[in-house]
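Same chain, two partners: chain A is paired with chain B first, then with chain C.
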Partner chain A sequence: MIPAARTTRDPHRSSPGRVAIVVVLALVALGVASVIGLTVGTKFVGPSTVLDAILRFDGSDLQLVVRESRIPRTVLGIVVGLALGAAGAVMQGLTRNALADPGMLGVNAGASVAVAIAVAALGLRDFPHLMAFALVGALIATIGVVLLGAAGGGSPVTLVLSGVALAAVLGGVTTALVLLNPTAFLQMRSWESGALAGRDLSVLGFAGPAIAVGLALALLMTRSLDVLALGHDTAAGLGVKIGALRTGAVAAVTLLAGTATAVAGPIAFLGLAAPHIARGVVGSSQKAIVPLAAVIGAIVVVLGDVVGRVIIAPQEVPVGIVMAFVAAPFLIWIGRRKNPVQM
Partner chain B sequence: MSDTNRTESLRAARSRIRRARRPLDRRSRWAMGALGAVLVASFLASLSIGDTVISPVRVIEALFETQGGIHMVVVDWRLPRALAAVFFGAALALSGTVFQTITRNPLGSPDVIGLTTGAYTGALIVMTTAGGSGMSVAIGAVLGGFGTAALVALLVAGRGALGYRIVIVGIGVSAVLAALNAWMLLRARREVAVSAAIWEAGSLNGVGWEQALLPIGVVSVLMIALWFARRGLWLVELGDDIGVSLGGRMGLTKAGLVALAVGLIGVVTAVIGPIAFVALSAPHLARLIVKNGPAHLFATAMTGAALLSLADIIGQNAVPKHALPVGVVTLVLGGVYLIFLVARTARRRF
Partner chain C sequence: MPLSRSKALTALLTAALAATVLTSCATPASTTDDSAPAADAGAFPATVEHAYGETTIPEQPQRIVSVGYTEQDTLWALGLEPVGVTDWYGDHEFASWPWADEARGDSEPEVLTTSDGLDFEAIALLDPDLIIGTNAGMTEEDYDRLSDIAPTIAHSGDYSMYFEPWDVQTLQIGEAVGLADEAQKLVDDIDAQFADAASAHPEFADSSIVFLQNAIYDGAAIAYQDGLSTDFLTDLGFTIPADIDAYAPKDDSGGQAYIPVENLDVLNAADVLIWGTESDDDITALEAQPFVTAIDAMKNDKVVYTDGTTAGAIYFTSPLSLPYVLKTLVPALADAVAGNGPAHTAE
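And now, the complex of A and B:
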């Protein structure tokens, strides 16, 4: 919003060397988180057993736990976290709004309502269909909220409130659909709480490529998003095609948030929190924020899933609920700042 | 504020209060009359429409009968529900107008800033730990609402007057509480979870005389109390500075008003579950009819009553053979309204 405010930030924070170090450290942290994700749970599984389960599978109970549960959850957690972290960063960069988050702006709710339609009205069950519906729903909601935000005069708070209102309407429609169809009620209830448990790695066959394309798009746009931070006119003057950038960003957010929602159910506020943490570490360059936010998102989801596994063992708390506890306080913190909207 | 400015704004405030006390102009009188007609029509409609449709004339006759099948349908089954819709709608709307005035924000309604979610949290805690029902759940809901109001107030206290700060913080608090609620539901026994999930949708289903009488009495008392506290509400509306100059003790006034408003929404939430957006939209719609003053409180209450009543009729009859909870109807309709409101007020408000 205010270019002058950006120059007062410490410029060394986004120097390429520093960014590289931070990203490497974040990847190491993700590695550690993954090891925790594979070993910690209702039953502790030693790292050697994990390795054996992968390399020398003998069908023992512990190895089965690793192969059937721990590995899929950890891998899907990483994928979902990468997607939501990057989606949040792109959304905040595009809207120049510190409050932007795919969950809060109704993108996940759009995916949810489309999945509810697929389940309740069409009786679909298999993942590829549900994912296709989730993507269409996410796309429509993303476009809708961008248009609504623009209709409100482009004010940052307007965008958020439009999104919250949109999410409320879509949530109401989802509830109505589900209440009218008891089978859908049961299926949607577990899906809606945002869970990694019981998901098969085979979903990656469809979700993996979609998220990979989304991540590639997001990373490709970081330079333009940085220029956009100087203001629309300046960016246009410097050769950024605003229309194309907006289209690309909507496509990236749709692919990332829509697919993540299809895999794990609606997870809100992670897309809000991860970019803020990244910004605190590497400063304000999107080039650094997008990849770092993605990795941070992955770390948080994997660890959040572990917390959900152990906190009330032998029962589980779905990762979506854990994420709300971890990430929603960020919104409160942002709301308490001197200027909540500024990035 | 310089002295001349202060006298100036004091004078303005006094004249505003005088204006507010003047009898309504022609247009407002007509509008109030129309609103009253809508309210009566929706009340009669909720008595006559259902599995069997009974003509309004027959409904009115049945109200004065003492026995018979029609009498049973109208008076024993439909009347408590219709009355509850009217009184609870009015209670939600008045709670909304108090909160919007105190937060000085058109969006600062109790459901947006998380009070209904908090009331649900309170009720769930009672349901899952004590396994209680009825009165204890209601008390839990009211306490949950108070706790959430206190928490949000604490979190925005001393952070400078930004109209939307309370909305942002409220959404955050609401999200944490919603997660807590979902977690409690997951851990709850099956029967508790099912009944809580139905209640969460916000429904007037199963509201008979037994469930309706006491809460209607309580919200009536609270509404009357709010009527006597209306002067405080104007003082708050005029701003702390002027309020103090006019002899108001603003801290105490606000605390008292919040207590009444939380009481209103807490009781309603306890009985029929969280109802979205009536508290938000009724004061706005009422402002189209009467701008401010005592008549605005009446208009707000009547609008809320008509809204909840109409939403319940829609929920009962929109989908053949299925009854949608009234909360779902207000969620969808109110959300659409909020979108328009945000798009319209954005330019001048934020």
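And now, the complex of A and C:
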């Protein structure tokens, strides 16, 4: 990989042809990762068994593993990874801060507090309800952050500071709710570890459309984000409606990160890392970074889940925890760069 | 028992901390117990060995405080009335579960929590003359601080810091309170009850069995491997299949086996399963899981679902809870072994 430290704009590296090739290669890599995701784990499942499980299901234990575990967790991993990768890319493009990630807009905190309310106060346990609450919580938190940020002048820095502040407050509320209710505690513990195992594909009925809309929004605004990179005033001078752009970006991030968080729990670091890796490969154009970061996100989540399956086999580690272990060295690497925040 | 559960349930109590501080500031109950059983002749001064050395109790204690998760049961079973007890989970008044209410009688001890570790301040305010912590996960530092307050008994040190065998705890507590003979009698009596149940159900000895915690957590089932709080099953004659040992922690932390759903077929090594369910919703949730329903024992109707109190009694494993376990679980086990499940224990 080309070091991401290279931040100079290089038109050759972001040429449309090159971007297309890179995205196609990344999709091929995602295909390979998916095959690994379906076959590798505490039990090895041959590709023919995978096909049989889809086409000629006979209820055997291995086929059950494919249908009830491997396919759901691989598909959900792809969806969650696409969403978090794209959300992180949009966040970094919008705030022009290379350390930005969806957690900073209070999205995770909003989702968490809503889930805690659903479980602790209303006694809900089924996934569609929890996910609806998570999304609404994420949205309310994000709108709150935008309003707070606007009240403070509306700069990217104010926005992030508002997000961090609100996230801290909401985190406290979540903790209080969870501590007051044992059922909520167990439920949240499971959800907060960031797991794909034991999740049901039916969640896609809710999560799929939300993430699809979020991805479309994210891809639509890449050009404006590229112009924004020239600076606030220049972008405004070039006809970019900053307010509308910010609203659209916030909507995209909320849909993407909120839904992904609802599906798998908070998976840290991916929204931060995937755009970094993408930027290292294709340069600084958002047009290239957003789609590539999405695919990289998917690859990383699918493979991270596989790592969690084999690293202490026959036991498993949730993917969110695998990510946390990957995060430390990665953050140290970013931190060692001359100017970690610069894009 | 379950470290994870214990952590979970103790952590949630942090929120109750304010309340605890308030109540612990109240004057400790001043009534000392007049009807306490007379200590064995020559029992005092009593010297008890434990993980952190020897503790000498000069005379019969009047104000006993239990700082562990389950020792209140043992004290009540011995006819004592501790002035302070500790709530593990369940949120029962006086940390007294239904099986313990009769033995507790009308005593009303202060209830301590361990949400922030041992609550030294509240313990000191109870002005104890003996602190019992055989099931408290007590560290040496904890022990030193408690010993500054009153003579303190820790776990024996021969087993896990948490949930060492109930009979070891019972005999140790019996010595500390000068009721060694009564403690021995309690142990013998419960052993006899198990032996009776085992001989009344010889079919148990031909069956292997696994006890599983309530639900699927994080995509894994939590099972109790042989030697981890499973005596209530092996004493009835059952065997615990060693197949699940591969899912237990490799170190000696004493944790349960976490079996990922993808590997739940390992439970086919058991003839019978007990799920420590606590409500009808828990059962519904379990039976919605294809990996669970695919297990042989589930297909053969050789399964027991517990109610919340029975699950608690299993986790408590105390001289008061074990007879309760026998009462509710043995009939259900007989049904399950005969293939007439799913059997439900009743409160």
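The working rule: the second predicted complex is superposed on the first by the 302 of 343 C-alpha atoms of A that agree within 3 Å, B and C clash if a C-alpha of one lies under 4 Å from a C-alpha of the other, contacts with A are read in each partner's own complex, and residues count from 1 in each chain.
Criterion: a contact is a pair of C-beta atoms (placed from the backbone, for glycine too) under 8 Å apart; a residue touches a chain by one contact, two chains touch by 3 or more.
Since the model is a prediction, treat every value here as computed from it, not as a measurement.
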| item | value |
| --- | --- |
| Which superposed partner A:K43 touches (first chain B, second chain C, both, neither) | second |
| Partner chain in contact with A:L331 - chain B first, chain C second, else both or neither | first |
| Contacts of A:E68 with chain B and chain C, given as first, second, both or neither | second |
| Which superposed partner A:L179 touches (first chain B, second chain C, both, neither) | both |
| Residue contacts with chain A in the superposition, chain B compared against chain C | B |
| Partner chain in contact with A:T158 - chain B first, chain C second, else both or neither | first |
| Which of chain B and chain C A:P318 touches, first, second, both or neither | both |
| Shared chain A contacts, counted only where both chain B and chain C touch the same residue | 176, 179-180, 193, 315, 318 |
| Sites on chain A touched by chain C in the complex | 41-43, 59, 61, 64-65, 67-70, 125, 176, 178-182, 185-186, 189-190, 193, 195-199, 309, 314-316, 318 |
| Chain A-facing residues of chain C, complex | 8-9, 11-15, 89, 216-220, 246-247, 258-263, 265, 281, 285, 290-291, 294 |
| Residue numbers on chain B that touch chain A, as the complex places them | 107, 112, 155-156, 159-160, 162, 164-165, 167-169, 171-173, 175-176, 178-180, 182-183, 186-187, 201, 276-277, 319, 322, 324-325, 328-329, 331-332, 334-336, 338-339, 342-343, 346-347, 350 |
| Residues on chain A engaged by chain B in the complex (per definition of touch) | 99, 104, 148, 151-153, 155, 157-158, 160-162, 164-166, 168-169, 171-173, 175-176, 179-180, 193, 268-269, 312, 315, 317-318, 321, 324-325, 328-332, 334-336, 338, 340 |
